[in-house]
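Both complexes shown next keep chain A, but they swap its partner, so chain B is in the first and chain C is in the second.
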Partner chain A sequence: MIALVTVLLTAIITLFVNLVNTKWSRPVATIGLAIALGVCFYDFSNPYEDASEMLYFSHASTIFSGLTILIGLILIGLSEYSITYAGKNRGDVYALMLFSICGALILFAYSNLLMLFLGVEILSIPLYVLAGSDKDNLASNESSLKYFLQGAFATGILLFGIALIYGASGSFVIGGSKANNIINYQLYTGGGLTMFNMGVFMMMFGLAFKIAAAPFHFWSADVYEGAPDLITAFMATVVKTAGIVAISIFLLSIGFLNKQWEMTFAIMAGLSLIVGNFSALKQMSFKRTLAYSSISHAGYLMLGITINDPIIIPTLLFYLLAYSISTLVLMIGMNWVAGHTGKHDFTAFNGLAKKHPVLAGLMAVAMLSMAGLPPLSGFFGKYFIFAEVFNHSALSKDGGFWWLVLVAAINSVISIYYYFRIIIAMFFSPAISEEEVPAMPTVNLFVLGLMCLGLLVAPLFATQLYGLMFY
Partner chain B sequence: MELILIPLFFAAVQFFVKGRTASWLALASTLVSLGWTICMISDYAMDGSTVNLVDVEWLKFAGIRFTLAYDGIALMMLLLTNLALPIIILASWDRSYGQSPLYLGLSLLMQAALVGVFLAQDGILFYVFWELALIPIYFISAIWGGENKNRITLKFFIYTFFGSIFMLVGLLLWKSYGSSTNGFAWMSLVQSQIPSDIAFWAFLGFALAFAIKLPLFPFHTWQPDTYTVAPAGGTMLLSGIMLKMGLFGFIKWALPLVPHVGENMMHFLSVLAVIGIVYGSIIAIKQNDMKRLVAFSSMAHVGLIAAGIFTQSLEGIQGAIIQMLNHGITAIGLFFVIDVIERRMETRELTLLSGIAKVAPVFAVMTLILVMGSVAVPLTNGFVGEFILLKSVFDSNATLGVIAGLTIIFCAVYLLRMVQFSLFGPSNAQNEKFTPLTWAEGIGLGTLCFFVLWIGLNPDPFFGLTERSVSNLLSLFNAIKVMP
Partner chain C sequence: MTEVTAEHYIILATTLFVIGVAGVLIRRNAIVVLMCVELMLNAVNLLMVAFSSHHKDSAGQIFVFFIMVVAAAEVAVGLAILVMVYRNTRSTDVSLLDQLKN
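Presenting the complex of A and B:
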């Protein structure tokens, strides 16, 4: 709770500092986020439940908040180069990113559908602006408009769903065992159940849009490609994390209610995997490939949610941790190379390993983790999800979704093809670009190195991480 | 444990050194590993017991432990790995990549992963090492490879990864649906009760992973290309050690599922293996590129080893294990010979070579010893292994045994053809380029020839090392209770 306030205050302070001197905005935002990260430790030992049943900061939500703040910290802290496009307005960009993080923190902790809606809006509206923050770039403007039009539409449907659920149950409250919980809809007879199901459907529509799960993914490739690299990295990590956690809190707390939602959700997971991977195969642009790969990662995460058991939450956390860290390493590396060569194609990376072996090596480690190769975290993220789904199918009478794991397994083989294209470009192809890519600042390389080290050692501490979640 | 840490440590050291120092350090590291292995073997009681090295909790909630242990079979594989690595480093000594810290570091990383595969006693740990071994060899082949390397190595990587991901699914099935009391621990999995339909799918997953790694017909399509395109050191790692991972996996991880699945599966696999023998041999006869020729011959030899394992008899598995060592020695030797020729003559085409024996008699003698070992002439190592393997296959199915026996004839045809074209015949003008062997080549080839003759003349210590372990393993598998 206090972390949320800290981030909010930092955002406002950053806005004003920017008026005084643009140069100070990045240190201020970074320090504010660092303080917020520290405050998360305090929050962790003091779970906070709002009396009016709006927010509940549990251990799990605090850990997710910590993850998101950490992502923001890395992105903003290392943004000296990636923010240059914003000129004098960089403070505004930071402030909007911080506001967006506030929205994400609300989504980790909501216990009321109104707060869900508020969180989604606070998360999204700054992003509509941020996607278009590179004002002179046509692609960025296009990205902003596309995101806004479709995003607004999806949010509208989400709101409609919430209204229907309220109509059926007379309540906005989810989770816990309170009498006014929406799952007590049985109290209402007549057309209540149909209305309730319609509401759930529309909410799933709206939230699936946010995480770019198929078949609601069409916006993502263009938006991710057009937005500035910094914002793409932000969307691929923070928004994905917030969306997945919001979906899982909602669906797990209503327990899916009936089988057909479980099946619908499983099919969406399978579709995301297949659509994301197959679309990524033939892309020329590395950034666009990452956009499609993030669709398939949404598929893996949704696969975990199908087991309909809160035990999956730590597994989702681990997956999101591995996914976010490796995405950040790749995006920051890509930003550096693309910023100096002027293009995001695979060919821009040709021969990178010859000139900058350390950067290429770190990006390769992140890529291998994304592809799910042991002993990196990405593998364990996938493995834990597969294992949970299998355990669940072994116990359940109807067989569960073991077949979906096969789909996911085959897809992770397919994904090797496009993930390795960047490794092939960096290590095994001769350089063709005339543009000289300068060496990355040592501090940035050091942080990237720490992140890769984290990918390597995180599996050793997975037990402790799981312990924290159930603390 | 030290066997994994030593190569890892020296692989890390490679970051800080350059040139010859790197090569010497790598060689020293592999020699220390070899010495360590020999000490372990001499300390081993030969009674088939399992010696625990390390056993700690790793991921408790997921039932994964970090357990390493060895028995006679694992020791044999360790001997192969740690014997092969110094020779591979010697073989790359005069190549430019032999001085590259990256190449040496990757080789050492590969060594650590291979040792892990042979020692792992936990399913997931086994999988982790299994995949870890793939990454260095991919980079070695793709960085220093020949023509079309990007496409071919990516195909190799995706193909083998495709197999292993199904092994992971198989492991999960085995643990989730079996009544395993201790997570993924090997012993617990072996003794667990698993419904036969689930066991069937789990077995298919394992069999696919191992069959692709071997490679068993019809999953071999990655192999000839990859062997040809990889640098000599990489080819030796692939053929000498890496495909033994598949054979070892069959013995240790797939056979325990057979009682649940039924014997029919084994007959089916044996037929595939024997098809591979004949198919690989016939193609090898027509090859003109020496590396490709040996690649196909390797497929034939491995088919016979696999057929021996599929008999599930003491003889078959004993023969398979000793033949794994033998095949490692002769395959590495033959690729070594080819590399020696290629470096001097700048070609591997048989039609362009002739009469090398006239200018390099010592080299020719060593080549002949290795070829004899591969053809399985009596008093060489190949004879010892192949004879027992053929006997076991014949005992379990006479028809298959007879067809598998063709391997010896075919092998003589294509390898002697290779020797005849390259070593004998009139000496051509190009042979002036054939400089004498360097010390690294001499020591490497000499060691291999020594082992060919030693195992051929006195195989008893090698059989003794594994005999009790194999019989223990088989009695464990026979005691498996099948769910009604």
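Presenting the complex of A and C:
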């Protein structure tokens, strides 16, 4: 809870500091986020439950908050060269990112559908602006308008779902033990169940849109490609994390009713995997490939959600950790190369390994983690999810979703093809030396190195991480 | 004379909502699309208030205030984005914006 307040205050202070001197806005935002990350440890030992049943910061939501704040810290801390387009308005970009993080923190801890709605909006509205923050770039404009129109549409549908759930149950409160929550409050009176199910369906439409899961993924490739690199990285990590956690909190809270939704989620997971991977195969632009690969990663996460059990939450956390860190390494590397060549194509990376072996090596490690090759976190993230779903289907009477695990495994093999294209371009293609890419600053390389090291060692601490969640 | 029940409101709100959805999907002018989104949100407001009265519970009406505030913020941001796009393209037609299709 205090972390949320810290991030909010940092955002406001950053806005004002920007008025005084633009140069200070990045250090202020970075320091504020670092403090918020420290405050998360305090929050962890003091879970907060709001008396008016709006927010509940459990251990799990504090850990997710920590992950999101860490992502924001890395992105803003290393952004010295990535948002030069904003000129004197850089501070506004940072402040909007911080506001957006506030929305994500609310989504990790909501226990009332009102807070779900507010969290989604606080997360999204700054992002509509951020996607268009490169004002003179037509691609950025287009991405912003598309994201806004489709995002507002999805919000409308999410709200209609909430209204129907309210109509069926007479309450907005979710969560197991409370007397007035949406499950055990006046439900099943006069067609209530139909209305409730319709509401859940429309809510899932709105939330699946936010995480870009198929068949609600149409906006994502265009928006991810057009938005500035830093913002694309933010959308691919923070928004996905927040959306997945929001969906799982909601589904876990409606408990037994979720049984009817398992098949819907299984189909959505399968579709996301197949659509994401097969569209990524034929892209020429690296950024667009990452956008489609993020759809397929939403598929793996949805696969985890199909089993209706709190046991999946730590597994999702580990997957999101591995996915976010490797996405950040790739996006920051891509931003450095594309910022100096002006292209996001695979050809822009040709021969990078000869000139900048360290950067190319780190990007390769992140790529292998995304592809899910064994010693790295990406592999263990997938393995844990597959294992949970497989165990669950072995125990259930109707066979569960073992076939979906099979689909996911085949898809993760297919994905290796397009992940290796960039490695081939970096290591085995001759350089097209028109624009010279300068060496990345040592500090940035060092942070990227630490992140890759994290990808290597994180599996060793997976058990401790799981222990913390249920502490 | 028939009594107006919650069902009538559900039908009215759903009709308004469907008109909004159809407008978003069919119309190509970004401003009209924005208006249709507003229509969707206001249909939800109507539904919330109807259910709130039906359940004799004030939470629904409080929710409506939040929807109004958020809708206002959303429109402010949306119109700013539209102005930005209009400056660069001299048009508010959504279908003109297809630069990003490969």
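Criterion: the second predicted complex is superposed on the first by the 462 of 471 C-alpha atoms of A that agree within 3 Å, B and C clash if a C-alpha of one lies under 4 Å from a C-alpha of the other, contacts with A are read in each partner's own complex, and residues count from 1 in each chain.
Convention: contacts are C-beta pairs under 8 Å (C-beta built on N, C-alpha and C of every residue); 3 or more make two chains touch, one makes a residue touch a chain.
Keep in mind that this is a model prediction, so the values were computed, not measured.
Put simply, more of the residues of chain A are touched by C, taking chain B and chain C as the two choices. In the superposed pair of complexes, A:409 makes contact with chain B only, with no contact to chain C. Of the two partner chains placed by the overlay, only chain B lies in contact with A:374; chain C stays clear of it.
Touch criterion not met for A:335: it reaches neither chain B nor chain C. In the overlay built on the shared chain, the residue A:420 is in contact with chain B alone; chain C does not reach it. Of the two partner chains placed around the shared chain by superposition, neither chain B nor chain C is touched by A:10. Of the two partner chains placed by superposition, A:30 touches none, neither chain B nor chain C.
If you check the complex, the residues on chain C that touch chain A are 6, 10, 13, 17, 20-21, 24, 30, 33-34, 37, 40-41, 43-44, 47-48, 51-52, 54-55, 57, 59-60, 62-63, 66-67, 70, 73-74, 77-78, 80-82, 84-85, 88-89, 94, 97, 99-102.
Those residues of chain A that touch chain B in the shared complex are 368, 373-375, 379-380, 383-384, 386-387, 390-391, 393-394, 405-406, 409-410, 412-413, 416-417, 420, 424, 427-429, 459-460, 462-463, 466. The part of chain A that touches chain C in the complex is made up of residues 114, 117-118, 121, 125, 128-129, 132, 135-136, 138-139, 141-146, 148-149, 152-153, 155-157, 159-160, 162-164, 166-167, 170-172, 186, 221-222, 225-226, 284. Taken together, the chain B residues at the contact with chain A in this complex read 57-62, 124, 127-128, 131-132, 134-135, 139, 142-143, 149-150, 154, 157-158, 161-162, 165-166, 168-169, 172-173, 175-177.
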